[in-house]
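In what follows, chain A forms one complex with chain B and a second complex with chain C.
And then the complex of A and B:
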């Protein structure tokens, strides 16, 4: 194709694609050029799980296009569209590396794996199975995460299996489990299309989940008097569609949520029949309270008091509650890291669920509490797959004898194989490495030396004398692989096959499109190799990811997650399916706990909803008081520090910083300051400031913005050269063990 | 080498025609259609393939009536 023809082709294709997105069919897309074929896949980035097709020509990924038959209706954000660029990025790792002397040397797979197996075997033999650990990822494929979980918990016999979903979703899990008895959202993305009120709290949806934001915008513009309420200390781009933006002092939103509940009761928005039939009440860890106790608890949370605590306006809190509670209208809440990354994260989640439960706005199209997810397979692989230190696959927990016995039978290992004590959660795992208790650590598909809070502390732990760290990664160097003893080249995204499970319980197949780069291998193959070398090859006997999937279906059978009917072939043919899918003839479940939709609710159930996750078949409204974050501002550290995402980049930037277009925007983390704060500090945009917490400091350039809350400094998390996590706090929620990335106290000075 | 992108531009309700008028002078951008209310289809050509995102960010920051710019196609010449 000549240059001119190629250009005309691109312009015609671009115009056609935009017009099709607009809904116009006037211009059809031109035919594909010769030699191009498409494979079905899922976006590699956030937890929205956008379906797409990978364009392959001459053995290379050359293009992607959105799947018009999937929930994203063919739309992708720019990050997704630029995925082809990450496949041949200059820092793709193609060969095993072993640390020798002061640096890395390229070696063979045989030498690298022999070394790794010997070091793990030595650690286990000398110090016991709990001397080793696995730290995985919400980006690994379901089959890969399952293999690691099985190898470590049933082969090596340690529960030291955790992953980065602990950093982003653990409090959402805690919220769902404590309220409904089971994890994961009960609703689906389609609920956005039916919502009359959309409450976004702790979520910059516009930038972190742009395709869902597009759906919200569409609903706002096509629905009747749809109200959007945004609760966020910052006035992010998400607020552009808000009818009401409530800004507040970081860490005070529990008071606001309780005050909203107070208004719901005071103004008659409570669905008393629903509450009487479906709701129990609890405090602490016990379900031992009454409706009267709850009303008494809420009495002190007047809008005026919440306003005084939070710095929000009392009338705005009242308005938000009235909109949410108005009878005959639906209400959907969505939240993400602003609630989860907190030492009171589970409590904050509980308080959102409370609003739905007292109004009965739950389990109906447009009425649902929906936790948005940050990674493409945090839900499917790690949460559902039970690859955290206290969990086992599909709702089981290691502390439950019956659950252990079920998994031991499924895994065909002797009774008593799985240890009854939970292993180390993420922060505890890296502290054990620091203390010398953890001798060998396997890190797969994640970058903790940049993404952990108080990062310098754990960077030192990774290089501690005597610690042995293996990193399997598609890219090198990352801020973690640079500290490893062995770096193994992992196949990336379109180079392998597997399943991702996104935020709405939708499982989707990623087909293999091309061969792995150089000597890179899928993580599943690498883990099977390790298992053989450690004498556990019989536990991981699979010849393909499809064989793993059949075992996973069996593990889900009879549980609340049951996807036994989701065969590999059905996944291949479909555009994703929402579990439960208990039989091959079942189409999937849009809304859980709902009669006529959820197959686990008996058809003759007396009510439209059945919260079967708990023994009493009720959901719990929890009495959760306002509590301050772990660290608050004071005279020495007078600014609140908070971190988050921007639309152009993702996580630690290992992928997006390889895309030339994305390098042009928001490449460097800047310190966003309110103009009054900038004036007081004597700085302006472009000046350098040093931000210091009790843990560490980093220098950033200033960006003065009119969207910041006075006294709050925001920095994005995607820059490995200006790491915000040198500053963040590693205090954790006592229930979920999730760190409080979102809030700490800092001082800011000219650098 | 240059980049050609198809994009859907989402605006606040009723602002589509106003935004379209403002974008008419935007170098490299050709409007392909609109729904008359809040959505515009456009083709964007960037000379060096590295300015597309800068343009999108600038428009998003400068025009409060633009809510989002969603690519529907990206290709390199």
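And then the complex of A and C:
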């Protein structure tokens, strides 16, 4: 940090401190009890990123209320409303733990960190920097993730930095980057308010993104002839507002999406002028095809053929395409894990983008392809911050020499410091642990021993003789911390300050509301301590998250993400801003690639839209054929197995299962079965069944539902005592390295 | 079981007639069967208290899956047959605060429980 920056920083923090003191208490409402004050923050759960205020009294979080000035208009879902209960949960970890003998022993921070540093140092000295790794989280604060990324890539000099966003949005990244040249959605949540047609595919929005679903419901109820189409094998609560629900055999949606494109061409819904100006065509990895090639490719994807492949009705596919394509009406698509958690996840993403590109329904209010994100800071921290094994901050990649040189300059390290070879992506990282190649692993703010597919395999890897595993966690035991060698108590949510970036490119500040529990520390502080002990203290010199933020702004400068104008004080005063925000006077960007809105599109650009992410300034329509999942049903494993959320619980349940109301609602993961399947198996609701795949087995109680597709078993993903991921498959998309959580083959029998 | 039916009946009555006041808090934990978290409240209450359930299901709260526990709490000692306004505050803080100092005793003086159909705020131009 230059002296100028240091002065600016001191001014900033002084002003900010004043604001915290004044701003928080100024938020006290007249009717509040004495001593209660409110700090501005963001929900800890999903990627919607709902703004809220944290109510604090006597040093405790006692309440939350939605932020009416934020995109969520003051609304919270039931998980968000119950957030205060997670702060003092009985399994909050307050002191460092070190494994000794058969169990954990409470130690001092000094003893725990000395041990961790010694083990990391030994592994690096004996086996080289690639013998260690960092596994992070889309729930860490941006500053924390950045610190880890910098320490490992520029200090330790390994690119073995990955995180759980690899499990949830890597294929969405692959889709955006391959189609537009740049990651992240170009649209925003406000597009929902302008959408005439809303296409939801592979998303149970109602339960996974409830506040966005509320906005969809409002649009459906107040807009003129708004059509909602839901593509999902299950008839989830999301379908309650659907005009059309298309159920299909898992893994056949690529055929359906191609058939929709077929109809768009066949029935005259294509915007030929838009396609001619803004669209290129490609196959495989090459942009070497023509419009004629694409039409020829689509010819075989008739609605009838897609219906035969998928089990959907041909007329429904036609209807969906007609609604989507109707001229003069806007269309917005949203999707999430149903498309991303697939071995052809990037392809599935490409096919959604194709629908928008051939109709020109993109870059206008209400017309946009929008990937929904599962975690509160997968986008801001890991995806944008470049904390995956092949990426560097703000659109840069490890394999690009120029990008490495830029980061080496920004990080003030010698040229050639960053290794040119990408590190290990998540599944590869845990396989390296299994093989003994990875000796020491740092896991921050996530629970892979429950959330990885084929979990038992990687649970064994975490306990392999000679492997050293550090877990920084707010809760203990989790299914991961129980396997660790050292568990470090991490400060949780309102106990620390930092930035979250949600699904619509909105960056928001979470203010610190209370002191950390007992000896818990923010992950940023823990990482700075580790850096010092490994001799890299100069790389992580910060005394506050605000200092890290200034460095992040500098790293974004001149990139497509440019948020240089998003100063800490602006974040403190605002209710989030959507990047790019290149200058302090800039209000943020609702729609990227759009002239007059996106500051990166020249004002004298000839057209309303400019896909500047690619050298030819065009977006790519990719020719992606239907391809079956890695594992399909057969005589031995005759049921499709799929997993997902219920509204009450989030991810592996470490937080939501600490709320008393939520403990009584869908606490135990159940197996949802179609009535016909239940009869054939001779089971009814409440009976136990054993579900077995080629990888593992687990017992669940049955719930017979009228929303299931025959032949498909759906299991909730949040229960540490009934783990669906013993069963799921760890095959990955070859491009995104994201596993196919959503589809595998199982047998089901009475337990 | 008798206790459960009594609770159900009280809820049903509440659903049908907002003017009927719930009895003071009683220790529900003993009365309610142990549901062990295998399901949500609606799994039983759609048949135990069909009036309340269907009013809720068709409401804005029902569509948005603002489920029973948000207003009523768990089946433990925190259970409230008649929710306090604090339970509304998470999403409707401004409206809850605006009520203070007025003659309106609580949110349910105007909003029918479960359907919550009336929206007097909007008609007066309040968001």
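Everything below uses one rule, namely that the second predicted complex is superposed on the first by the 721 of 751 C-alpha atoms of A that agree within 3 Å, B and C clash if a C-alpha of one lies under 4 Å from a C-alpha of the other, contacts with A are read in each partner's own complex, and residues count from 1 in each chain.
Following the convention adopted for this analysis, a contact is a pair of C-beta atoms (placed from the backbone, for glycine too) under 8 Å apart; a residue touches a chain by one contact, two chains touch by 3 or more.
Please read these numbers as outputs of a predicted model, since none were measured by experiment.
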With the two structures laid over each other on chain A, which partner does A:206 touch: chain B (first), chain C (second), both, or neither? both
Under the stated touch criterion, which partner chain does A:684 make contact with: chain B (first), chain C (second), both, or neither? neither
For A:573, decide between first (touching chain B), second (touching chain C), both and neither. neither
Which partner does A:237 reach: the first (chain B), the second (chain C), both, or neither? both
Using the superposition on chain A described above, determine whether A:74 touches chain B (first), chain C (second), both, or neither. both
Applying the touch criterion given at the start, work out whether A:668 contacts chain B, chain C, both or neither, answering first, second, both or neither. second
First (chain B), second (chain C), both or neither touched by A:217: both
Chain A contact set shared between chain B and chain C covers 63, 65-66, 74-78, 81, 206, 210, 213-214, 217, 237, 240-241, 648, 660-666
Which residues of chain C touch chain A in the complex? 35-41, 60, 63-67, 69-70, 73-76, 78, 86, 89-94, 96-97, 100-101, 127
Provide the residue numbers of chain B that touch chain A in the complex, in ascending order. 2-8, 10, 12-13, 30, 32-35, 37-45, 49-54, 56-57, 60, 64, 67-68, 70-75, 77
Of all residues in chain A, which touch chain C in the complex? 29-31, 53, 63-66, 68, 74-78, 80-81, 206-207, 210, 213-214, 217, 237, 240-241, 647-648, 660-668, 670, 686, 701, 703
Of all residues in chain A, those that touch chain B in their complex: 3, 6-7, 10-11, 13-24, 26-27, 63, 65-66, 74-78, 81-82, 206, 210-211, 213-214, 217, 221, 237, 240-241, 648, 660-666
